[in-house]
Amino acid sequence: MAKEIITPVAESKFILDALKENQRLDGRSFDKFRDVDISFGKEYGDATVTLGKTKVQCRVSCSITQPYEDRPFEGLFIISTEMSPMAGPQFENGSNTGDDEVLCSRIIEKAIRRSGALDVEGLCIVAGSKCWAIRADVHVLDCDGGIIDASCLAVICALLHFRKPDVSILGEQVTVHPINEREPVALGILHIPICVTFSFFNPQDVEENIKGAGNNEIAIIDATLKEESLRDGVLTVTLNKNREVVQVSKAGGLPMDALSLMDCCHKAYDITERITDQILALIKEDSQKRNKFAQILSSENAR
Amino acid sequence: MSDVISVIKRQSGLKYASIDNDEMENFSSDEDVPMVDIDGKSNGGKRNEAAAGEIVTPGELITEDPIWMRGHGTYFLENSTYSSAAGTISRVNRLLSVIPLKGRYTPETGDHIVGRITDVGNKRWKVDIGGKQHAVLMLGSVNLPGGILRRKSESDELQMRTFLKEGDVLNAEVQSLFQDGSASLHTRSLKYGKLRDGLLIQVPSSLVVRSKNHTHNLPGNVTVLLGVNGFIWLRKTSKMDVARETPSAGPASDISEGPTGAKSLNPTNSVSITRLEEESSWKIYSDKNDPSITPSIRQNISRYANVIKALAFCEIGLTHERIVIGYEASIAYSNIGELIEREVMESIGDDVINIEKMRGNGATE
Amino acid sequence: MTLSIAEKSYLYDSLTASPSIRPDGRKPHQFRPIEVSTDFLPSSNGSSRIISGDGSECIVSVKAKVIDHTLSDEELIQVDLDIAGERTDSPQVETLMSLLNKVLKSGPGFEHSRLQLTERYSFKIFIDILVISSNCNPASLISFAMFSALNTTTLPKLISSFDDLKVEELPMFDDYDLVNLKLKSPLVFLLAIVGNNLIVDPDANESEVCDNAIIVTWLDGKIRSPIRTLTLNNSYSKGFDPTLLQKGLKLIEENAAAVLTALESS
Amino acid sequence: MNVQDRRRLLGPSNAKPIVFSAATDIQSSEPKKDESSSFILNSGLIENCNGSSLVEIRDPKVTQHQTSLITSVYGPRATKGSFTSQASLSIQLKNGSSEKYNTTELKEVSSFLVNVFNSVINLSRYPKSGIDIFIYILYDKVLSEESKKSNNISAILPYCISAITLALINAGIEVDDIATAGYYKGDVISFIKNGEEVIGYWKDEGNCESFDVALEHCKTEAQKFKNLITTHILEE
Amino acid sequence: MSRFEIYSPEGLRLDGRRWNEVRRFECSINTHAHAADGSSYLEQGNNKIITLVKGPKEPSLRSQANSLKATMDVSVNITRFSKFERSAISHKNERRVLEIQTALLRTFEKNIMLHLYPRTQISIQVHILQQDGGMFASLINGITLALIDAGIAMYDYVSGISIGLFDTTPLLDVNTLEENAMSTVTLGVIGKSEKLSLLSVEDKIPLDRLESVLAIGIAGAHRLRDLMDEELRKHAHKRVIKASTK
């Protein structure tokens, strides 16, 4: 059974008072995204993202299947988000139907799948009969807030990292070449969506928030679990480097001034730019590392 | 039209015909609504003062004058008071509040209510009174068999279900209110307690006006208990009902002089209240109805039930007089079953209003 | 809903009196008044809504789809039921749905063959029922709503030839012209048995005290199957004299036509 | 090796595993056969529940189905939640035979059976309790050509009613009378009090022109079932 | 469908509206007086939505009672027949529906004075009889009306609107055809303020266009608020007159 996180009154008051004084518990400024650490596994398509104390792993796998009847030229792409009590007592085992779990998986779905980050047409092998099915399994290993941001990062990193086996088609005959036989191919990634989550706090009365002109609401980026449990509202913005808004979700919560929300979007863009560069650099580094072995192998063969 | 079923056909698509928009003006519905005139006639809190009785809607600014005390249906920021409900403004002395058009029954101390037991708990019953929360009736707030002076014992706690059980209907008075607004009831008077010999109907609580007396003996040997919460119990007039009204010349004489020519109640039959009190025993918690309810009384009860439903349908406030007038007007329909037809209900409503106006007491409200 | 013992015995005594005295004064064969609207969903082929005096409300949509009936022998009418606040697999919903599907089974007087378009193709009718609120068993109300919806259902007019077994072609329809389906579906009546009395269309209170109840299907002047006894309250039922069954069926036979006329004329 | 498992309590050293004696007589009573040897009634077969019955109908001449039903009754047992003044009855009908019955139809039949037995069981005797009945159609085969087409569950309803009655009696639950039913050309009528009272009527086919005939036929058949059940109980 | 049909060079949309016009908006309240404490029926374009609000009432389970404020639940029933093509599967328990329910719940939780109704429950039921684009936004309007009808204390109206972005032109209050052809944004605006309780973008939109979309959306939402207010006042007026004559 999922347990609600209850923060003691004294502690929550302390955190809120500190926020009013422009202070956060971990000393970050309001606009500071925690440092992102991305590591890749031995195999293709295995990425682990660490965001502060939050840790999310994503594993991408593929199989050959039949495409949907109404979309014969497209492959399949499934994202499954698994939040087990391993990450924290607030998650229930098995059924991921809690409000937050549903919102999280829907946002990742919209940010990556619906936005067309993966080129599904490139997954087609034989139109109408064979295609690749790509599956991304997200596991939240540790949760200290920001699981949407971290999960989205993990999925996109794993997709960028993944290589599917090469296939050759001869008439109706499809041959799948094992990875050790032929160099596997990368997936077509059309853009890199990055999620940034803002948490809103209301330092004053509800009346002031609804009727006042002050707009004194506090917005912080990338809240920790404690901050999340106390927030009054949340906004997740997904952007890519092309200055495109991929997805925005503010599912109720504290009413916020439209201009402040726009401001959040612009702040998110700066973070998006930075993280995208970081990911691309890491991917490059990783593939070079792997290529080094490939070169050794090929040079041996050449001899 | 056949007497088997009446079917009303509505042609106007899926428009819902609630009583208030019957004569809905048929503005051309295909027209799109233009964006212009955003700051048109309807106001979005840009006005300074709203007068008493005026209609306000949520979020609307009522006043910027800080002298007002803020009552129900309002909230404030700095000096400004806003409405939090759709309703009319009421100013009582310095208290400013908004009375919502509709809402559940809100109990007040002293209210005479009719309710239904939903739950038997530890030394208390839960009673559904049509409010936001169920009311509580403590074991200590009821009369137990064996006289008023009897002490309560632990065995009473164990046999609470033999007094009142789930489903039982009772009338009671609101004794006090808890912090959260829920009511605590008591039945420590012989006029309160378990109800028998009749049936319950429900109307919106706003139609029952609080008054001194909520139990009325009606022509045709029927007694009505108008619960302030909109629960109404109709039953055969009992000896006690007669006794209650006869000694005091006031309300009882009202009836015998009534325009209906109601049978004048025979005072020799009446039993004194004190005598009844002595008889107070297990009988007050009996589930047995009076065996002498004749078919004609049953028919009268059905007729009154339909009259009250018709008045409620027309959103006419329920008073003793109006129920009697409605009953008289309904006699024109010999078949009681006809009273559930829409037109008949409307015509009874009109009759009641007209007759009341003719008698000149319609303006008192 | 739970009634007190005193209320139940008052109601029971009134209803078993001779003649029975119903709490709202209705005659034993009198139904509660209803309000019908039809044809308000432009994206459905037929629609209707029925509201009863006690606030029970039921909305029915009829949608048609062209299917190749040579490929499968599925029923051409399919009923789906959704009662607000009830799970779709609750016994109440499933029981009612099974019954309604049987009511709309093809039979004399209600032939599904009327839905046949060409030698190969037929219309398949999907009837979706949404019960927004109900205080007692909604079977009867639903059947009235289905009747009004089917009675006003319009389908596209076929312009291709009927014989399409030899020449393969998909049915073609006129762009504008619609034809009235005019399918008269059976009506379902509820009959409560209290003591030796029978009453039609029991309301919530009457349902609570009746000894037993019969659900009767009626079509084209005749009683037909399905017929069954059922319980209107989940607490109480009792045996009854077999002659009451005959009496009940007769009561329906006598009054059903009036209901039909009222529904049709409206 | 001298490693003892300290996490368990060990039995005495001379303990022996339990040996079950060879199964001799599983059935509580020999199947009793009536004169036409087509009905086999059995009760108390299932140990775990409060009452059970096995009903097998075999003779193709009398009935249209060849059926065997197993029924178990659990209860009266305490229910959770708030107080109720009487027992609540639930019946679950499951199909294990090769005949295809629609699951929603089985639910409808279950509701019908609940209604029938609500009239028979003395429910007010068991406040705040539940009686749960499970019927399993072990085997079912439609014999007559005519009813084969329509895949009709009506014909086995009387068997279900008899099976439940028997299981209820076996469980020692108070009933007003022995409820049985008869089937005639699509009509199923269930009776108590020697056919003086109807407690259930079910009809899925045809119209109702010959109701009187059906009533008489069903009454005789129900009486026959009742006699079978009474003899079975008395013999036990 | 050609792009010119969606928005013609003359500035007309498929249904003849201009870019800044909302659809036909008709609503009524107190439509299901017997079945619920508050109810509304809304037609926004071809969206047809019934909303029922039950409560504040005694919670059905004791565990649902909160001694500080009312608990709320929202259930959205998208009927199978609500679209032109009948849906083969039931929409219950779909993730999209669960998401909408949660978003609606969180929108209204912040706008209702829940603290006034401790230990009670407010249940909102929405039935979508027909949908034609901008459904999410219409749900907000329907619920707002039903809540006000129920007499539940609220800080202000919440009005919902969806805006499409066609190239560089924002189109107010989109229908299904427009919704399928372009990216849309859904807003839930508080009263006449510029505060957004709900903001949902599900498809790609250039960051630099978002602001203009929000601006026109807020203006449109204010317009809808006025239309709702007008209907509400009309209704209130009739009731007041009725009460005074009797």
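Observations, loosely collected:
Per-chain residue numbering starts at 1, and chain names A, B, C, D and E are given in the order in which the chains are listed.
Please note the rule applied: contacts are C-beta pairs under 8 Å (C-beta built on N, C-alpha and C of every residue); 3 or more make two chains touch, one makes a residue touch a chain.
Per UniProt, the chains are A = Exosome complex component RRP45; C = Ribosomal RNA-processing protein 42; D = Exoribonuclease phosphorolytic domain-containing protein; E = Ribosomal RNA-processing protein 41.
Here the structure is a predicted model, which is why all the values come from computation and not from measurement.
Taken together, chain A and chain D share the touching chains B. The chain pair with the larger count of C-beta pairs in contact, out of C-E and B-E, is B-E. Among the other chains, the CA centroid farthest from that of chain D is the one of A.
With every chain reduced to the mean of its CA atoms, the largest distance from chain B is reached by A. In whole angstrom, the spacing between the mean C-alpha positions of chain B and chain D is 50.
Centre-to-centre separation between chain A and chain E, using Cα means, comes to 30 Å.
Counting only residues that touch two or more partner chains, chain C has 40-41. The residues of chain B that reach two or more other chains are 14, 59, 75, 82, 166, listed in rising order. Among the residues of chain E, those touching two or more other chains are numbered 32-33, 48, 129, 155-156, 190-191. Listed by chain label, the pairs that touch are A-B, A-E, B-C, B-D, B-E, C-D, C-E. Residue ranges on chain E touching chain C, taken from their complex, read 32-36, 46, 48, 50, 52, 77, 79-84, 86, 90, 92, 125, 127, 129-130. Those residues of chain A whose C-beta lies close enough to touch chain B in the complex are 205, 207-208, 210-212. Chain C makes touch with chain E in their complex at residues 40-44, 54-55, 57, 59, 61, 63, 65, 80, 82, 84-85, 88, 126, 128, 130, 132-133. Those residues of chain B that touch chain E in the complex are listed here as 14-16, 18, 20-21, 24, 29-35, 38, 40, 42, 44-45, 53, 55, 57-59, 73, 75, 82, 84-88, 100-104, 118, 126, 128, 132-134, 180-182, 204, 315-317, 353, 362, 365.
Against chain D, in their complex, chain C makes its touches with residues 91, 94-95, 97-99, 101-102, 212, 214, 222-231, 234-242, 244-246, 249.
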